[in-house]
Structures are given as C-alpha cells and as structure tokens.
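Please find the structures below.
Shared between the two complexes below is chain A, which pairs with chain B and chain C, respectively.
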Partner chain A sequence: MLILGIETATERVSVSVGGHEGVIGLFEVTKGRRHAETLVPAIDFVCKRAGIELSEISVVAVDVGPGLFTGMRVGLSAAKAIAQALSVPMIGISSLDLLAFPCRHTDRVVVPVIDARKGEVFYAMYRQVPGGIQQVAEPAVGPVEDLVADLMARSQDVLVVGDGAVRYREEILEGFHCEMGGDAHPSAGQLVQLAHARALREEWVQPREIEPVYLRAPDAKINWATRAART
Partner chain B sequence: MSESIAHPEFGESTLVLGIETSCDETAAALVMGGYDVVSSVVSTQVEIHAEFGGVVPEVASRAHLEVLNPVIARSIVEAGVEDSRIDAIACTVGPGLVGALLVGVSAAKSLALVYDVPFIGVNHMEAHLYAASLEDPTLEFPLVVLLVSGGHTMLVEMQDHGRYRLLGQTIDDAAGEAFDKVARFLDLGYPGGPAIDEAALLGDPEAVRFPRALLDGSYNFSFSGLKTSVMNYVRKHPDVSSADVAASFQAAVVDVLVTKARAAAKEVGATSIVLGGGVAANSLLREEILDGCVKDGIQGFLPSRAMCTDNAAMIAAAGWHRLRSDGPTPLDVGATPNLRLPFLNV
Partner chain C sequence: MLHLRAASINDTHAIAGAIAQLVRAGDIVVLAGEMGAGKTAFAQGFGTAFDIDEPITSPTFTLVHSYDLPRPARGIRTMHHADVYRLERTAELADLALGELAEFGGVVLVEWGDVVEGTFGDHLTVMLDQDPDDEADELALDRARFIEVAGTGASWAGRWDRLKTSLERFAC
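Here is the complex of A and B:
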C-alpha cells in the first residue's frame, strides 16, 4: 500500500510518499508561502525520484488544518482532485496531531501551537499513551493570553511546539514556565506515517467526506477594492 | 485573417475539461475542438452571498472547495465519456478572488498531473470574449465585444484569436457594480442585475431623465455619477416608485453602453457587436443592442444567458485556442488576481 501525503497548512509545503516500509520520498520547502506554485511540481518530483507512478497510490492523506486558510485549501483541493481522479480513498489528519505526534516519547503534556495570524493561535493538548499520543484538550483558537491561561490552569510539565510557539515564544514564557522545542511546522513525512496506521485499519473516507478544520468563522467583510479587480 | 497555430496536434477531436472558480460560480465543462460543448455544469453561490449583499471572498473559497469535486464529476458523467478521454485541463488563473482562484488552479493542475495531459492557465476575461464565438463559430473578425459584468465594463476590438485592442473601459464603477449598489439602495435585493431588470419591467424608463456620462471622444465609461444622481433623486423624492427609478436608471446605463458600442463598431469597421459578461443577460441591453445593430446594418450577437454569466465552457474554449497557439502552461503557475488581457499595443 502506497500513501501520498500532502501538507500545506502552514508556511511549509510538504509532500511525501510511503507505506509499509516507512517514508520513501519527501520534499519540503518552508519559504515564501508559494503553496499553489510549489505543490503540484513537488508531487511530480517526489513520485519521479521515488520511482513511483501516481497510479500506484492507494490512499491520499492530507492535513485538514487548522492553519492558513488559503494554504490549506491548496493542499485540500489538490488532494481531493487526485483522490477522485485515481478513485482512491482519503485520510484527513489535523495539523495539531501532526505537530504533536513526533513528541510522543516525552512524558510532558505536548501543546502544538499554530500561528493563526491576527494575534491569535490554534492549539490543542496531548499526552503520551502506549503506541502514540492522545488528545487531552480540544483544538481551540484564541489570543496568546488564552493559551497561557489554559497552560496555567493545567499547571503540568509542558512541551510547546509549532510556529505559533516560535512566534510568541516570549509572551508564552513570560506567562508560564515550559519547555519549547520540536518542529515548527507539520511534515508530510509524519502525515504518511500516521495515515499508514489508520489505513491498516481501513479508517479512510471518500474525497467528498473530507472536512477542513477552520476553527474560525469567515471574515464577512467585503473588500470592494479586490472585488473590482474581477469580471 | 488566420489564427496562428503552433500546436496543430490539438485539433477538432481534442477534448478539454474547463474549470472556473474565480468568483461565486463553481463550474466545470467539457468542450471538444474548442466549439462543441459536450457538458457544462455551473453551481452558483448567489444565495450564500445574498445575505451579505456581495461576494465574501473567504465564504466563496470555502464553498468552492466543497463543491468543486462533485461539479467536475458531474461534468464528466453528463458528457458520457471516460475521464481517460480528457486531452487537456483548462482553468481560470485570473483575474478574480485569489483564494477562490487557487481552489480551481490546484485541482486543475493536479488533474493534469494524474491524467498526464497538458494544463492551460486561462484568462477569465479572454474566456468571456470567446463565449460568443463558442455558440456561433461563423462570427467574422474584426468584431467589437462589449464586456459588462460585476467587475468590468470594457469595449474590446477582437481582430483575431488572441489579438485584442482595448477601446475603452470604466474609469470608476463597473456596470454590474452600479446595478448592485442601486438595487441595494432601492431595497430590490441581490444580485442587483436581475433585480433591477425585473423591477424595471413594471416601471417607466422615461419617468426620470438621469444623466448619461458619454465622456465625449472616448470609449471609456463612468457610472459613479449616475449612481449618485439616482440616490440624490430618491432622497429628494421619497415617494417615487422604485420601479420607475429602476427602469430609468437601467435605461441610462443601457443608453451609454449601446451608444458607445455602436460608435466603436463603426470606427473599427466591425462586422458585428458581441455581448459578454453577466450584465449581458439584461433584457433591455439585449434588445437595444440588437436594434442598434439592425440600424447600422451589422450583426448583433447575443450569447445565451448561460454563456454570458460565468461558466466553464468558455474557459475550455479559450483554453483550446491558447493551447493551439501557445502550448501548455507550466505546472508551477499560481493565480494572478489582477491578471490583464494581453492587449495589443496601440
């Protein structure tokens, strides 16, 4: 079983293929936020370098967010189109799960934090369980102060990871003593590994059932200036 | 005149899948050989945006992502072909709302990669120019296209495939934007075009003589002054009938559009005037253009209403012509929200 993993929920564009033998191809760029320009050539590159035809892919895995709306939609739209064209199922995984997963060997509470712009962050909490990690606090979006308040309320040893942790490092450390580290961005490598475990249990869905996780209502302000630029 | 064809390998049997997500319509279509519309599916978001009185970009992008796959699937099923029969994928890359465009572009490029066929990035405006000839391949150049929609109002001389000269455009509001704003002001609902069209049926177009901004000596348009005078008139005459105001406003807009289109056709020696864009569905505009063309002894061509508003058949058609002249678009292309038409230098 070969899985194609697509990850574009943060500033990174990440593509991976893998299966029983683990990750066999991985491409990542974390610069410039050129998701739409980079993604499809990256999929082509990874498959070619790994010596795989797209028709050999049996599951398409994708990061469903939360993250940058436009970026994550680039990945979701590509992933859904590929799965539909190949007639294969999909596995959607949260960006917060992907950030927490590599930290599964710590006994601290793992808190992935993703920059949500506008002074806010997406975050959730996880702890180690045999064979993996388990969510102990639901994903939330809010100002950094809310995150700090949640950390204080829990008052456990905490490991904070993600690009939100990098951006708001001082604000977080000022309010709560914790460890910072791990990856700043989710990776399609982790995505393929996590998806593989689920694919073995056939925990997949059809492309139409993939639901993006926005966690924030759309900004309903109409930008008439932008609108005037269309026909 | 002859079309420059650098890629004759794409011909009459080339089947192009077109995809359109630039604003509030999610559309997919299959067009054979640039003219034969095999299927065309449009899913509109008009009702989703109605409560905001305009297109909300983030709401539009979310809706595109939800419906694009089913819309593409339906266009293939309705065409009754195997997806392996698709020879190329064309998609709008601009102008439009960037987040909305990217949903379509990402899917289209991915499909091109999976099917191993060329991808063609299409200019949405160029596609509107093609909408007419899609329904009547006998149209002869040069022709004058009056492109009127929610975002643009322009007069274009189409000398040949891919050869366009901009004769004039709006210097402030697009015609469709003026319709939206006046409809909102008169409480007629959204979108404004059809709302005014309907209200005007019951009104007197000569009830109020609103100003016509003819901007003498130019093919440019201006609708902002007209919009303001409508608002001033209604404030001064609160008891006036909305139908009369709608009819009089519509008459003023159409008068300006038709006068300029006819003058432009005369100047460039066009054989016909062609309408395009969402506002081209307006009943009065359609009538008046036809009348004018009869008077001037030229052909007036009105695409069907479905072809005037955003659709993917016109994207596939424009894509087919571009594929033959320019070849495929590289897969590292993104979206260009302010993409312009490749006008000839004048």
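Here is the complex of A and C:
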C-alpha cells in the first residue's frame, strides 16, 4: 500500500511517498513559501525519482492544519483533487500531531507550537505512550503569554518544538524554563509514517470529508449594515 | 487625515502612485468608497507605479488578483488586489488570509475593506468620493474625486510626514 503525503501547513512544502517499507521518497523546501508553484512539480519529482506511477497510490494523506491558510488551501485542494481523480481515500492529520510525533521517544511533555501570526501561536500538548504519542491537552490558539501561562500551570518537564517556538524562543524561555528543539516544521515523511499506521486500520475518509482545521475566531456575519450603499 | 482633491483620473493615478512610493512589504491599504468612486482606478495608478503592465481589473468576482512586480522594490514582490464586496461572513475573510499574503513580500489593496477594518492591524485607509460639482457622468472614469487618506498604527505614523509632503499639491 503506497501513501502520498502532502504537507503545506507552514512555510515548508513537503511531499513524500511511502508505505510498509517506510518513507521511500521525500522532497522538502523550507524557504520561499511558494506553495502553489512548488507543490505539484514536487509531487511529480518525488514519484518519478522513486519510480512510482500516481495510479499506484492507494491513500492520499494531508496535513489539515492548523497553520498558514495560504499554504493549507494549496495542499488540501491538491490532495483532494488527486484523491478524487484516483478514487482513493484520504487521511487528514493535524500539523501539531506531526510535530509531536518525531519526539515520541522523550519522556517529557511535548509541546508543538506553530506560529499563527499577529503574536499568536497554535499549540497542544502530548505524552509518550507505548507505540507513539497521545494528546494530553486540546489544540489551542492564543497569544504567546497564554502558552507560557499554560506551561507554568502544568510545571512539568517540557520539550517545545515548532516554528512558533523558534520565533518566540525568548518570550517562552523568559516565562518558563524548558527545553527547545526538535523540528521547526512538520514533514511529509512523518505524515506518511503516521498515515500508514492509520491506513492499516482503514481509518480513512472520503475526500469530501477532509476539512482544514483553522482554530480561529468564530465565524460571524459581516456587518454590511454599516455600508448601506452595498445593498 | 489628509484631505485631497483629484481633478482628473490622472490626478487619482498620481495620488495612488505617490502612496505606492511609501508602502513597504507587508502593508495593507483599504480602499473605501461607493460604486464608481474610483477604487479600481486607484489600484490601477498604484500598479503602474510598480511598473505592472498587466491590465488591472476589478476583482469583485475573483476576490483576489495577484500581480508579480517585474522589478521587486523595497522587499515587495507581489501586489495583491482584493475585493471583499461579495463576502458575507468573517470565516470567508479569514479564508482569504490577506494578512498572510501581505506578510510574504506582498502589498494588499482591499476594496470595500473598511467594513472589516478591525481585522487588519496597521493599515492605510483611502476613502474615495466623487466630487458632486463635477458635471461628468456619475460612472465616468475621468472625473474629479475627493480622496481622504488615514493611517492606523505606528508603522504609518512614522511615514506620515513624508506622505503628507508628497501629496501636498493635491491638498484641499
């Protein structure tokens, strides 16, 4: 069973193909943020170099966020289009899960932090469990001070990872002594590995069921009444 | 706030061009004004100042048009021209992620953006209005306009004197 993994939730564009043998192809570029221009040629490149036809793919896995809106809409629309064209199911995985997963061998609490812009971060907390990691605190979005307050409230040994940790390193360390490290960006390599485990259990969905996770302010009607001229 | 009068379409373009000289990568410029007030005309003058030679048309039905600058200037690589007129909900606005577009080497012009101004952080607001004394047809492109310019946030406060000087000849 071959899985195509598409990762565009942060500045990185990452594409991977893999299956029971693990990751067999991986392309990543973490500078330039040209998701739309980079993604499809990258898929083509990885498949060709790994000697795989798209028709051999049996599941499309995608990072559903939270993260960059501009990146996710490129990744999700490409992933859905490919899955639909191939008539294969999809597996959507959270960007925070993907950042935490490579840290599954530490006994610290793993806190992936993704830059949400405007001084805010997306974050969640994970713990090692046999065979992987488990979320111990729901994903949240808020100012960096909220994250620091959460860390202080738990006051456990913590490993903080992600591009939000890189950007707000000083602020976090000033507020709470913890270890920083791991990956700054999620990778499609991790995505394929995590998705493979789920695919073996047939935990997949149809393309129409895949939705981005934005974790943003609740939706509201735009108050056009203030602009009566529009109506 | 600056109160300006553009006697012609050329003046509207010149005002837009003068503002374009002062924007930086990451800036958001809100264009306010009724139908036919000259929002798209302003965007055209703005684009010309960046040597964009593609035709700049209203993005009402496509939501965002993006134009790569032939010669990136002051870190600006792309001019995005958005129109939020058709949006009904804040989630649709969030979907457009205009702030992200600006952040990455972009400048974003947002027609009808005054309705959602609170979501933009630092930005410049350009309010356009037809000069009622001009006898040209209401929808004529080449007509006189009143243009008000207001800055929100520290980043515009720091540029205000230069902006004022460069637009002095249009003051009214």
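We adopt the following convention: the second predicted complex is superposed on the first by the 216 of 231 C-alpha atoms of A that agree within 3 Å, B and C clash if a C-alpha of one lies under 4 Å from a C-alpha of the other, contacts with A are read in each partner's own complex, and residues count from 1 in each chain.
To be clear about the criterion, a contact is a pair of C-beta atoms (placed from the backbone, for glycine too) under 8 Å apart; a residue touches a chain by one contact, two chains touch by 3 or more.
What you see is a predicted model, and the numbers here were worked out from it, not measured in a lab.
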{"item": "Chain B versus chain C as contact partner of A:118, first or second or both or neither", "value": "second"}
{"item": "Which partner reaches more residues of chain A (counting touched residues only), chain B or chain C", "value": "B"}
{"item": "Partner chain(s) touched by A:33 [first = chain B, second = chain C, both, neither]", "value": "second"}
{"item": "Touching partner for A:73 - first (chain B), second (chain C), both, neither", "value": "both"}
{"item": "Which superposed partner A:220 touches (first chain B, second chain C, both, neither)", "value": "both"}
{"item": "Interface residues of chain A shared between complexes with chain B and chain C", "value": "69-70, 73, 214, 219-224, 226-227, 229-230"}
{"item": "Complex contact set, residues of chain A against chain B", "value": "34-41, 43-44, 54, 69-70, 73-82, 84-86, 207-208, 212, 214, 218-224, 226-231"}
{"item": "Contact set on chain C toward chain A in their complex", "value": "34-35, 84-85, 87-91, 93-97, 99-101, 103-104, 112, 114-116, 121"}
{"item": "Contact footprint of chain A on chain B as seen in their complex", "value": "22-23, 52-59, 61-62, 65, 68-70, 72-73, 83, 95-99, 102-115, 124-125, 128, 147, 149-152, 173-174, 177, 277, 331-335, 337-338"}
{"item": "Contacting residues of chain A [partner chain C, same complex]", "value": "33, 68-70, 73, 117-118, 214, 216-217, 219-224, 226-227, 229-230"}
